[in-house]
Amino acid sequence: MSFNTFGHIFRVTTWGESHGPALGCTVDGVPPGVALSEADIQPWMDKRKPGQNKFTTQRKEADEVRILSGVFDGVTTGTPIQLMIENTDQRSKDYGDIAQAFRPGHADITYHQKYGLRDYRGGGRSSARETAARVAAGAVARAVLARMVPGLRITGYMVQMGGRGIDRGRLELAEVERNPFWCPDPVAAADWAAYLDELRLSHNSVGAVIEVVAEGVPPGLGAPLYGKLDSDLASAMMSINAVKAVEIGDGMAAASLTGVDNADEIRMGPDGPEFLSNHAGGILGGISTGQPVICRFAVKPTSSILTPRRTINASGEEIDLITKGRHDPCVGIRAVPVGEAMMACVILDHLLLDRGQTGGMRGRIG
Amino acid sequence: MSFNTFGHIFRVTTWGESHGPALGCTVDGVPPGVALSEADIQPWMDKRKPGQNKFTTQRKEADEVRILSGVFDGVTTGTPIQLMIENTDQRSKDYGDIAQAFRPGHADITYHQKYGLRDYRGGGRSSARETAARVAAGAVARAVLARMVPGLRITGYMVQMGGRGIDRGRLELAEVERNPFWCPDPVAAADWAAYLDELRLSHNSVGAVIEVVAEGVPPGLGAPLYGKLDSDLASAMMSINAVKAVEIGDGMAAASLTGVDNADEIRMGPDGPEFLSNHAGGILGGISTGQPVICRFAVKPTSSILTPRRTINASGEEIDLITKGRHDPCVGIRAVPVGEAMMACVILDHLLLDRGQTGGMRGRIG
Amino acid sequence: MSFNTFGHIFRVTTWGESHGPALGCTVDGVPPGVALSEADIQPWMDKRKPGQNKFTTQRKEADEVRILSGVFDGVTTGTPIQLMIENTDQRSKDYGDIAQAFRPGHADITYHQKYGLRDYRGGGRSSARETAARVAAGAVARAVLARMVPGLRITGYMVQMGGRGIDRGRLELAEVERNPFWCPDPVAAADWAAYLDELRLSHNSVGAVIEVVAEGVPPGLGAPLYGKLDSDLASAMMSINAVKAVEIGDGMAAASLTGVDNADEIRMGPDGPEFLSNHAGGILGGISTGQPVICRFAVKPTSSILTPRRTINASGEEIDLITKGRHDPCVGIRAVPVGEAMMACVILDHLLLDRGQTGGMRGRIG
Amino acid sequence: MSFNTFGHIFRVTTWGESHGPALGCTVDGVPPGVALSEADIQPWMDKRKPGQNKFTTQRKEADEVRILSGVFDGVTTGTPIQLMIENTDQRSKDYGDIAQAFRPGHADITYHQKYGLRDYRGGGRSSARETAARVAAGAVARAVLARMVPGLRITGYMVQMGGRGIDRGRLELAEVERNPFWCPDPVAAADWAAYLDELRLSHNSVGAVIEVVAEGVPPGLGAPLYGKLDSDLASAMMSINAVKAVEIGDGMAAASLTGVDNADEIRMGPDGPEFLSNHAGGILGGISTGQPVICRFAVKPTSSILTPRRTINASGEEIDLITKGRHDPCVGIRAVPVGEAMMACVILDHLLLDRGQTGGMRGRIG
């Protein structure tokens, strides 16, 4: 299996399995001279790490990152940065039951069909544990972005759990850190807590929708036609475990609009063009407009559940399977910091790429 | 601007503008020995070409493809295939009004901001006319797939226009070719005809949702983690003009499901595993399951409309803009064959890639 | 066969066969706003084109380039530039003899072994005719470089024909355009003329060594470790037909030097560091030093000769083969402008890449 | 700095500096099901590791490799393999003198110019220590090749030290392991020992030429035109520290041959085509012929010497510099296993790539 790398200039190669000794990533293409230490990365790891409350897997991982290369005297040198996270709380014996059985809705069967064998412990490479490496890479991207585009801010939050959406009228970003769901609506958060408790106790799980917004993105980022900012975001988000859909701006709802309604009209503000709406989600023709870049993605429910489901094993026998182990009842919760990380990586990549594409030239208006 | 290439092994590089002398693509990575002529490509071009009825742009283009390289004595040689389509019906004078003005909801402003100048005639490179090259490349992919995976079938159709969806109970693929909307539901097709006529006459446009299904895809295709079959499909579809969202299988609706409902249970059939449902859309962990691969995408309404909208021009003056010219009232219609083409390209690419990744090894079940 | 593209940001995809209707290339990644027309490209094409004297193939090709995309109102737009050259003087009937036979020392047999079939007319895709597309791309690169790095100058010349080298003491760049060999030493040029005439009449051919020098290259270009300026140059030059070796600076002779002799000592000049010698050929650790970048490559003798050689055909029969047709007795001559073109492409590519890699930061000395 | 990855399908990303805590590589694209453990890699590490005799640096590194991912139950899983080598014998204090000074002939100055700062300890990323990761990756490639192409054998040896070449008449591969120079000629080996001792004591160093031969390479490998087997080999070898030239087959000497002499004539043997000579070095038109693939490269002398040389420092002051520390008097010696590793990686990469390119089709002769 190849292609464990994403990005054009800012390139991240992740490695590692759920129950191997360690996992991590090589972050290549980081500009030189940016202050960076483990302390810049760890807070983002902590945000994603498991076992923080009853709504996520009870696996306890410190998720401590070590920088093994690419930083000297506290600053990046322009050489590849290796980030390693040791696995400390693997209970491989939990996985004996699924060593030969395929969980319905899980990658077990496709890995088997493609490779003829798989590391079944915790899902091996297909485990959401790989996203720890993405979050570490995203933290590096944030450190560079903070230096290159000071005003840029990336925020992710959950806007829907199961069929229960937030009330956009109550959306308050300050709320996001106050509940275990990264939910910007306190009323929805309370509702979700009760709902998820019930699901968990009934041996079930549920899906979710995450929204990630990047404010302060300069206009002009994107590499038409096959490295568009939105096609790269779509690829990045769809590559996250369990994601089944990606939307930019109005997303699927854009299909229901007329051209009159969808037009983001433009006026001239003191600092340049100002848009009167943002149906486009900050991207037109694959290039950033300067408005907030808005991306949403849907996460399916965790396939590892305690309710028996019909399936087969590697010998072709029909069985009923219950998946034990420590699984997230709503894997979408921990996808929030992962989505933020992917947004940071894609934007930095296009910022660097744009310098090469345009040779430094840039259009002006007015 | 770089990155006008997509694909890993089967690589397509498109070139050309709406109102230049020609456009086309270089199709690289075509295996040798496959019978191919213009006659294999032209039918797919004809399906996409404009001016076929009152519901698409009245521009008249023959869209005749010429093969300039890579085919000898009627078969592919393994060398790059150059496909050229001459533009014959450009009316550049139509575009004088938008030479300096930015259509709201259009790439005009972002191309200006990125490049400092743009070919404004018909949208230049950002025009949907570029998709003619995609359809040509898709036809080559289909010819190779027909040889390598005889049972494979790719079908696209429109499932929603504006807020009006089809009735899945009436879905009949044979209907798709019987109406100008590639609509599989004859009742919806009649409804859409009336609706679109009304919109067109009121100088408006509307969005749509397209679904593309590939049946007969072998299991095991996909390059985890950053070349997953679904992340590559997401990137491919999102790169099509005006697309704002991509779904695989249940897509956004997967967020509302519980794990019990979402599990595609598996039984053992005479030829291997059989799934009892397909919420996953034929892809688990980024790898094909052998079930139909199902992808949907939303197309926003055409931004070029005859209703005046507020905007600015390159001098920073605030203006009201009406877009004349010959535009599609529902650009989603012509996106149907484009979506099919992208699906064909992505599947062939992964079929070829898989041979290299696995070194020919493949898992068996039972 | 894939991989007809070279470059990272400035990416060139060539297509076409010796005896097809046309050949050309898609030049992607050209910054916007650079003045460009066919008149900027044609002089370089003329330098390479065949039939200019008795020392090159007698095939008569106008090698007229048409720009089909990417240029609007006389300047580049940042979109891909398609360059097409029609083939006008193909005599395919000349090639009946080698349709099934493999010329010793030629790609005939390997293309057959890889692809199972080949376009035998004029060598098909393996023909040196493909280099016309490289020269066209190189001309675009030169136009951009002239804008971005005004003092940069790229010059190629032949330094050896067969075993006969130039006298470096007589090297005079002004001589290069005064003889049909791009030879900078008039005495050697006269010697070569007599020698090559003799070889040609005796139905033989001969190899050559080409040197290409780029002056005015800014320091800091190169992407260690696997996109080094010298490893990319090595790849670029080795990809030219018939090239069997590439040297940077002292090249093979560096093996015979001691560390004391090889050290390019440094003093401080008015404008920065000044090197007292250039054994390194302007590249240290894969990054340009600011000195002239010096690259040499060896071209083997043309394998298509009128002297009979023992070989086999596709049926496995042992035969003696004489290659008729119009072939260069010293294909190295026409490789001179090709080497220049590759140098221009690689340097521009790294110039653009460097902007992304360093995020605009750059070290200063003193 | 980006681009620390090489390969198309079999992709190796190296990371780490000379004096950081560790270095290593991510090896992606390894087919599944291949037996692999540290014991398969360590012997190749031992071959390259420093401090084995007085002719290489006295730095003592165990160079113990740990496999951190991609192997389960003793076999590869198709997921990325992370190989880590801890640095144990760094003496960073040795490098105080060159913290601000630029060694002539070394990458010190270019890294400074490109990045504005550098990890000066032991050369940081530009150190030959990085080649430990290449050798580890090469060992993985060998393990896969042993499974896929049982008869394949890759052997490297030194054919020239300074101006002193081997006598090809005495070339005996069995000799290679019997002397510290990987020299296949025992007489030359004795001569080099005396010569290098003298150089070492006189505070000097010297260059070398390495030859790497791959026997048993199947015909048909190579991706024309810009992923030719020879252009990829040229890139791979030129990317090794201190390499200044790469030759395939007759290399530079091909320039002196006539077409009559250079033709590798072909007869029909019991198992297919048989060539009567191998001037081409096993590659025609960028594709393997089935003959031994022969590649040579020249390594310049170590630039870190105890003889004072004139240079400048980062403040622009002119100084005389002596480089202390533990340096190889002939870095070419340890380049032998590195060259073998690069050959193994390139061949495996093209073996995997070829499966995708040709879709499994292959030409037959006879």
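A, B, C and D label the chains in the order they appear, each numbered from 1.
Convention: a contact is a pair of C-beta atoms (placed from the backbone, for glycine too) under 8 Å apart; a residue touches a chain by one contact, two chains touch by 3 or more.
The model shown is predicted, which means the values in this text are computed figures rather than measured ones.
Student: What is the set of chains touching both subunit C and subunit D?
Tutor: Both-contact set = A, B.
Student: Considering A-D alongside B-D, which chain pair is linked by more C-beta pairs in contact?
Tutor: Answer to which pair has more contacts is A-D.
Student: Taking each chain's centre as the mean of its C-alpha atoms, which one ends up farthest from the centre of subunit B?
Tutor: Centroid comparison gives D as the farthest chain from subunit B.
Student: With chain centres taken as the means of their Cα atoms, state the distance from subunit B to subunit D in Å.
Tutor: Centres of subunit B and subunit D (C-alpha means) sit 45 Å apart.
Student: So, what's the distance in Å between the C-alpha centres of subunit D and subunit A?
Tutor: From the centre of subunit A to the centre of subunit D is 38 Å.
Student: Note the residues in subunit A that touch 2 or more other chains, in rising order.
Tutor: 1-5, 9, 14, 29, 32-33, 78-79, 114-117, 125, 224, 353-354, 356-358, 361
Student: Please output the residues of subunit C touching subunit B within their complex, sorted ascending.
Tutor: Result: residues 1-5, 9-11, 13-17, 20-24, 26, 28-30, 32-33, 66, 68-70, 72-73, 75, 77-82, 84, 114-119, 121, 124-125 of subunit C touch subunit B.
Student: If you look only at subunit D, which of its residues touch subunit C in the complex?
Tutor: On the subunit D side, the touching residues are 1-6, 8, 14, 102, 104-107, 109-117, 125-126, 130, 160-163, 199, 204-209, 219-228, 230-239, 241, 244-268, 272-273, 276, 279-281, 283-290, 298-305, 307, 309-312, 314-318, 332, 353-354, 356-358, 361-366.
Student: Which of the residues in subunit D come into contact with subunit B in the complex?
Tutor: Touching subunit B from subunit D are residues 9, 29, 31-33, 78-79, 144, 148, 224, 352-361.
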